[in-house]
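Next come two complexes, and both contain chain A; in the first it sits with chain B, in the second with chain C.
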Partner chain A sequence: MNVAETVFIDNVPTTETDASPPSVTEQKADEADHVLDTMQTQDFPPPSTAKDQFQEELVIKPLHSGDIYASFQFRTQWDTDFLLGSKVSHYRLFPKSLGQVISKFSVRELHISFTQGYWRTMQWGQPFLPSPPGAELWVWFQDTVTDVDLAWKELTNVLSGIFCASLNFIDSTNTVQPSASFKPLGVGNVTDQRFLRYAVLPREIVCTENLTPWKKLLPCGSKAGLAVLMKSEKLFHSSFHSQALHIRPVCKCKSTSWELRQTLNVVFDLHTSGQGKREWSLFKMFSRTLTEACPLASSSKVYVDITDNPQGELFELSPATPLVSQAVVLGDGRTYSVYDLTDHATFGQTHSLNVLLRWRAAESGEMLRPLLHGERYVAGYGLQTGEIHTLVYNNHPYRAFPVLLLDTVPWYLRLYIHTLTVTSKGRDNKPSYIHYQPSKDRLQPHLLEMLIQLPPNSVTEVTVQFERALLKWTEYTPDPNHGFYVGSSVISALVPSVVAMDTNNTQERPLFSSFFPCKEESTYFMRIYTEPLLVNLPTPDFSMPYNVICLTCTVVAVGYGSLYNLLTRTFQVEEPSQGLAKRLANIIRRLRGVPLLT
Partner chain B sequence: MGTAGVSASCINMASCSSLKILTLLSLFLSPTIVETNNIEAKAGQFFSSGHTNNWAVLVCTSRFWFNYRHVANTLSVYRSVKRLGIPDSHIVLMLADDMACNHRNPKPATVFSHKNMELNVYGDDVEVDYRGYEVTVENFLRVLTGRLPPSTPRSKRLLSDDRSNILIYLTGHGGNGFLKFQDSEEISNVELADAFEQMWTKRRYNELLFIIDTCQGASMYERFYSPNIMALASSQVGEDSLSHQPDLAIGVHLMDRYTFYLLEFLEDIHPSSTTNMKDLFKVCPKSQCVSTPGHRTDLFLRDPGSVLITDFFGSVRKVEITTDTINLTAPMVHLEDTRPVRELRTEIQTYMDQLPVAEIIHQKPKQKDWHPPDGFILGLWTLILLVFFKTYGIKHLKHIF
Partner chain C sequence: MVWAERHRGRLAALAIAAVVIAVGVPLWWKTTETYRAWLPVAQINELAQLQLQLSVEVEVVFSKGTLTAEHQKKIPPSNTRQEEHVVDETTRLRYRYETRYRTATIMEEDALNQSTAAEADISLHMLSESPSGSVVIYVVPESSTVLPEGVSVYVGQRRTALLRAGGQMRVAVALKEVLASLETWIKQVLQVMSFSHGDITAALSDRVRPGDRSREGLADSMRAFKSSPGYEITFSLLNPDPTSHLLHWDVEAAISSYIQPLLSKMAPVANFSIDSQILYYAVLGVNPRYDPTLNAYTLNADSLSHVINPVEARLGSSAASSNPVLNFLLYVPDSRHSPLHITDHRRHTVPSNAFSSPRWGGIMVYNVNASGTELPVDVHIDMRRVMGVFLPQLRLMLGVQSAAPPPGFLIGPCGNAGLADWELDRLMWTRSVENVATATTTITSLAQLLDQIGNIVINDNIAEQVSSAVASLQLAVGQLEVGNLGLAMQYSKEAILQSERAFFDPSLLHLLYFPDDQKFAIYIPLFLPMCVPILLSLLKMASEVRQRPGQGQAKKD
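After this line comes the complex of A and B, so read on.
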């Protein structure tokens, strides 16, 4: 095993075969030089006979609250068809484990995300790719699948093994079939919602054991390219961490092409990273700097959002870069400084890139309020009843737009739908579409979908009362006093955009702006998630069986025992025992034949 | 030994000198003789252990932040086992709670074993197979006996065969004859012994090393009755296993004493070391551990002195190096996609409208399959009709027909 490690340099396959393998004592700098030399002889992009390509990018966006938002996106696109008869067996950049999952379960689209923390829209704005706290999985199956529920169950088990997550807890009690939300994000024509399944596990913990297999799915792993920045000790010491995987068929307009996107969004907090003054750099965020692009990538870029800093008066960006690009993302035109990692000049003399942002002036002005924002909380007191309030804010001054609200509530919170009210600006706002599927105890959860038109500059409140159920004593978790989680509500909306969106979906665009497909120029699609709820159910005292047994046994022992003794005890006269001297004297007397002492 | 005998019998000066030369010669020769014996012994050892693969099942059974030390225990054994060569695919790691990303952890994504945060046993490359609520007695026994539902992924299975050496490590809170899982259920020593017997009859192990670090741990191996099991425990019946040291920054005890000294012992082991089990039995004497570690070897067929530590903790592969060249067949040609391009796809594939408002509003409700009224409704209607005709008489039937 030791021999093997010296032959492969960082496990990155290189085309050089003539160079002798470096010895063990070689310095790390020499190895880095060695790698760079070989990279210069390689040509980017990969040869045209290959039908798959890989792109990676990192977007750094400073937020108004002083925090910084970093979003990694890795995209592997492969022109192949998993679902034809012949099995695909030559995998190059696309991970084999996922390819096998797609072909075995006839998956059309798969979206899975693991999130730790909650995205604070009012302080941070909108994320590029939203995700709810915990684990979320939604899958569109092909219309050739006969038993969707069976395929769903097996798929969740397989994914729990791949990602080291407890996705096997997804079963019929937390799976729903939305009727209007979660339309497919890939190409296709069929939208029979019978083939859609959605489940969320709000309690799921995300830690290094989920990041490790996720990183292993990347073509370069965590050895080269942007993925070297992903060190778990820094990534999890953040306010928000979300890693996701999206597989969908995309349009190449001649043949089907499958796209795998792996995204990692992280928001670093200014105050927990130490240092009072506001300064961010790659080294401070990730404790690493970039040294090379992934050799298998056709494009590898770092974007820094400089829209609020056109003349450089707010913060200073170093090293300076001439490349600037404009993109329309989230309905707004933003300007980005671009670092192209495939160009060796980016790394400069030190062979490493550390993007540094140093703030000059104190932050002035307020952040633009996000157009759409949602909140949810539980009201009420006691362990009998409660009320769920969902608030949806429309902050646009004059435009009204529709939102689709999807609520999944577990069966043990019994919703009283006759108490459902939707009010905007004090008046009743009747939804244009309601789909409600009642729950069945221990079988399926509540599903409530409503299409609500939000008036401009208003708050819409949706309230529904519920009653808490008493579970069977074996159904409680080992820590029931923590409470039970209710998954986030999903709000899907078509939000009016400030600038005209580009509807040409085949044009090359940065990855972060091309996730949701755009149909119209004046609106863009957005999905936001509210907070999950934590409700306490009436919990029995689990020490009661022990207490009852002790008490009962004591009562039986004292009561029955005393009675039995009274009835059956006989008294006998007993001679008091004599002292030692008297006993000895009696022995001597017995020997002598003389009458004994009493 | 030889020199002592010589000096004892050395009376005559002249014969002494010749004898001294002889002893010196024998001293020089004996290393070479010993060397050849050593090689033979090593070769013998090479083929003696009889196992071809190694597995490890590492279980932490306690939940809640103050049981940080149990997770650290399990992760330190995981770390040693990985370092000595057992791959993740052969390790089933069960952690009942998440300490690394717990919100009370001042350094997220780390689990430390030494105070002052010297050694992070969680690391950057960890795969936990069973976590949180999945760590139950049922799942543990199913993993051992292999009776898992068919949809269980490979990483959650113990796919051992009759030539596997398995290391099983349990830690948590225990008592005389039981081990507590997640503060809500227990596994008894009888259940565990029966599970091992099932493993033996199903030929799921070649040799098994069972280590347990709980209070009164020795009670858990008292009932074993299957052959080829060696067991170690951190304390005897009636004794408590104590924790090692707290870290003031993290605020909890970081490790248990027995596993702390076990980790120190294992840090000195490398894949080619020849330390044997007798050294493992000496880990953590009473002076360091306060409790008396115990062990049980009567069920084990080999002599513990001949069993290497790496037989269980490492994955020492038997490699045969050959110097002959082997000709591979002609390089594989990538089969061109000979399927015709799908010209049949006349409909242009476009992206879907994400929120088609008009379509949603006018969505027809799903036609639910019509079922004939089932028994209850039928019975109810029959009852209503019967009561009606009973009260009002049969002549009202003509209003219906």
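After this line comes the complex of A and C, so read on.
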């Protein structure tokens, strides 16, 4: 166990506890990051006296399938400390409702996401910020919190009010404390999992009532800036929609500051939203165009991914922009065209910006296969037992790397942990670290965390058998024949960078710089989610209780009736009556005057 | 033989019927019973008949020259006056004023010889501290220069008042008459400094239907928030157009210098938490009208009621507590609708340019003249002006009444806190009565509800909360009776908290609701086949018993 722990700590940087060197912290903090931070150095806003600042950006990425991926990020940063003695209560850009939540519940870090649809990694590549279908909430509490479970319960109720979501269904049966998969993303040195709570509601439906409160948290609301594009009828007419909110303390190097990041990711489908034409524009996606930046934003930018299109041979981007930025995103060097909305020239003479991408070629090249990819399904037949299969793909041609697999399974699927097998390339692959917490009926779910080494270019299969439990009849959901959801598995990994793998890259760089793979770019952190499972449980006929009552009552009544009869009936010898023949004979005898028969 | 057999059958039927009645029915009763913990019903009913007694301790201090030597000897040490009011059939009030008389000490005499009433008030306070709820009245001679000309009563910052002795005191009259003439003044002083019957009945509005109260009194009582153990105060700066104005407000400093002293003084009444926020692109719900005569935009008093709703959606409810929220909005109109003035019903502009909404908060319009210069304009808001409007509004909302004093009264300045001690006492009297009234209605209606709906499960914790609420209520009523205002306030707050917690406990919602038809649908398959044979055999036996005496007679004949 101890050995396993050290292995794991060596491999995943998020467990590092020292926060002192700022560069390390910054890198750690931006684990699931965007272009935003990597770009910061070149166009950081002039230092202002305000203690809070707001940035907004939109990244548009044409996908190889012809779909288009739009990712909004809004970042509010506030140099204050909610957790020091003085009560913070004067809000400028930071939303008051969230600030109150942080200080009331002593939250260190809060990550919440609402997702509709499943991110298809094999078609679309990696998302900037992954999220599982449904609602996901994970919170790190301060180590001063004494009753974490109570705080968690109240917090989920308050959040469900703020976001109009059914987060109040989070209780002990779907809450776990992962030991390794979810480490704090902000500064600080608490890594004791007792202060972490993680819950997923895979059944949560995300719709406009969740979007409206989310938009209200932005300083400009949906009145100005990039948020005007968020028209719910367009956003929800898409194949993937995910909105998230991340609060964490970040390092301002002298004092802590709090960062609120609101992200919204949406994938528009080529056929349903794009009418099958490979031609995308802001107006076609959102039915709005941009006219101004949010006046409160210190930076407001639109990025378009043109990595595969350096000379414009693949698609045509209009209006043209002279600004180009390069960044390493998810281990891959990308090139972006940048539209700076704070610059009036961006909007041109029409005073509106409508970015247009028109494809020249019908096909859009080959997509690099994602290095890490996961799949999950349920196998088996019948309603008694089954088997969960999790497939983890390592598509790297020659590098092996470890992944952390987190599985939360509800208590009504009783896992047979002795049947757990991990095989790669047909051989048994023994996990170097296993953290298993068995379920308790109606109290806590199964938690299974494993550190698995993935051999290069391989598929690793994790299987475990389970038995389906019988629920009490009030425990079934309103539509039990639909099945029961099991939340996604979470695969967290340090993935070797594509940049390091790419040999062509050396041509652009000086030779002396590229012999040893550079440390920063050699690996990057990635978290992917598998599909949620839909499992059928043995479902009774719900009129059954009444039928059973009626049947047993009838049986009891029949038994009781005969017993009662037996006990209370009086038995007496009855004079046998004369037979019919005798009676007839007697009548005849009477007529004839002969003495009667007795 | 036959008879014996029949007798056995009858006995068996009787035995089965007996078993069913003796074992079956109690078993069924026990297993289908809902758990109902014991509630102190008798005590609750006692509280439903509310008899409140409020005791005020009054100390009347005669300074030199107000009483003759002879009178000084004969002066009674104390005197008790009682007033009884029947508010309605379930509520009775009794006010008890305990007046103690004494002559001033030398130090007090010195203090009273100060040149102004305010100074005298301060130096008198240095000498002694009076407990909350009590009143000290110093009677000064008519010739005294402490009180300004034409003023007969000066109400100080603390719990003291200076009363100018009437003219007839110098003349040798009976002491009784002297005291009687004082009494009318003391009554008035107490109405100002502790409570009047009107305030108390207004505070009882939860129990008593406002039948005969004046419209104005009703409006006054509805303006203030209901008594609550805590309040959230939110200051919001509305900036409808951040492209033209860049607003800066030093709300933190303004709150700590203007609002915080008042709230820390009011700490015994309730807990307060203050926060502030800036809302961008928040607009009022009404389009202001351009008035060419004023060269300004105006919002008429009639349209003010429509202003709040659209703003309220942006304010955001308080996530962290369920206490009532007091909103104070500072609205800076955008440059296209500026200046903006609020006009009253007679179309005169309101000088403060602000209005308040009962039990909600206040809105102030702050005009900025930013013309010419490049946008956005930096605007620093004058918080002194803003807080000068919000502070009186806050006092109103919190129920600190500033009723016009009767003629001849002079109210002293209320000091740095913005609230004199006696004003706080006055508030605490009404608030504790209000809390008691609210808690009793909550508890009695809960008891009624539980009594009416027999299916509700009453858990032990509910019973415990109800009992402790009843206990705190009794304590609060008792403390009011003794005149211990601070403790009464505290207990009444506890009572209200516990009673609300019991009333809104989620476990009461788990009502085991089975409609009667469904119950019978389940019972009939078992009960019908079981009961019919028993009933039939019992009937048969009864008819046999009835027939047998007839047979016996027939045999005798």
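Methods note: the second predicted complex is superposed on the first by the 471 of 598 C-alpha atoms of A that agree within 3 Å, B and C clash if a C-alpha of one lies under 4 Å from a C-alpha of the other, contacts with A are read in each partner's own complex, and residues count from 1 in each chain.
Operating definition for what follows: a residue touches a chain if its C-beta (ideal position, glycine included) is under 8 Å from a C-beta of that chain, and two chains touch if they have at least 3 such contacts.
Since the model is a prediction, treat every value here as computed from it, not as a measurement.
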Is A:494 in contact with chain B, with chain C, with both, or with neither (first, second, both, neither)?
first
Winner on chain A touched-residue count between chain B and chain C: chain B
Which partner does A:219 contact after superposing on A: first (chain B), second (chain C), both, neither?
second
Considering only touches as defined above, state whether A:541 meets chain B (first), chain C (second), both or neither.
neither
Going by the contact rule set out at the top, does A:100 touch chain B (first), chain C (second), both, or neither?
second
So, does A:477 touch the first partner chain B, the second partner chain C, both, or neither?
first
What is the contact status of A:550 with respect to chain B (first) and chain C (second): first, second, both, or neither?
second
Which superposed partner A:575 touches (first chain B, second chain C, both, neither):
neither
With the two complexes superposed on chain A, say which partner A:428 touches: chain B (first), chain C (second), both, or neither.
neither
Do any residues of chain A touch both chain B and chain C, and if so, which are they?
90, 158, 161-162
Within the complex, which stretch of chain A touches chain B?
1, 84, 86, 90, 116, 153-154, 157-158, 160-162, 164-166, 168-169, 179-180, 183-189, 191, 203, 205-209, 212-213, 231-233, 235-237, 249, 251, 253-256, 402, 404, 432-433, 451, 477-479, 492-494, 505, 516-517, 519, 525, 542
Using the touch definition up top, name the residues of chain B that touch chain A in the complex.
63-64, 85, 98, 100-101, 107-110, 122-129, 131-134, 151-156, 182-184, 334, 339, 341-342, 347-357, 360-361, 363, 366
In the complex, chain A touches chain C at residues 87, 89-93, 95-98, 100-101, 103-104, 158, 161-162, 216, 219-221, 223-224, 292, 295-296, 546, 549-550, 553-554, 556-558, 560-561, 564-565, 567-572
Contacting residues of chain C [partner chain A, same complex]
1-2, 5-6, 8-10, 12-13, 16, 234, 242-243, 251-252, 273-278, 280-281, 314, 316-321, 376, 521-522, 525-526, 528-530, 533-534, 537
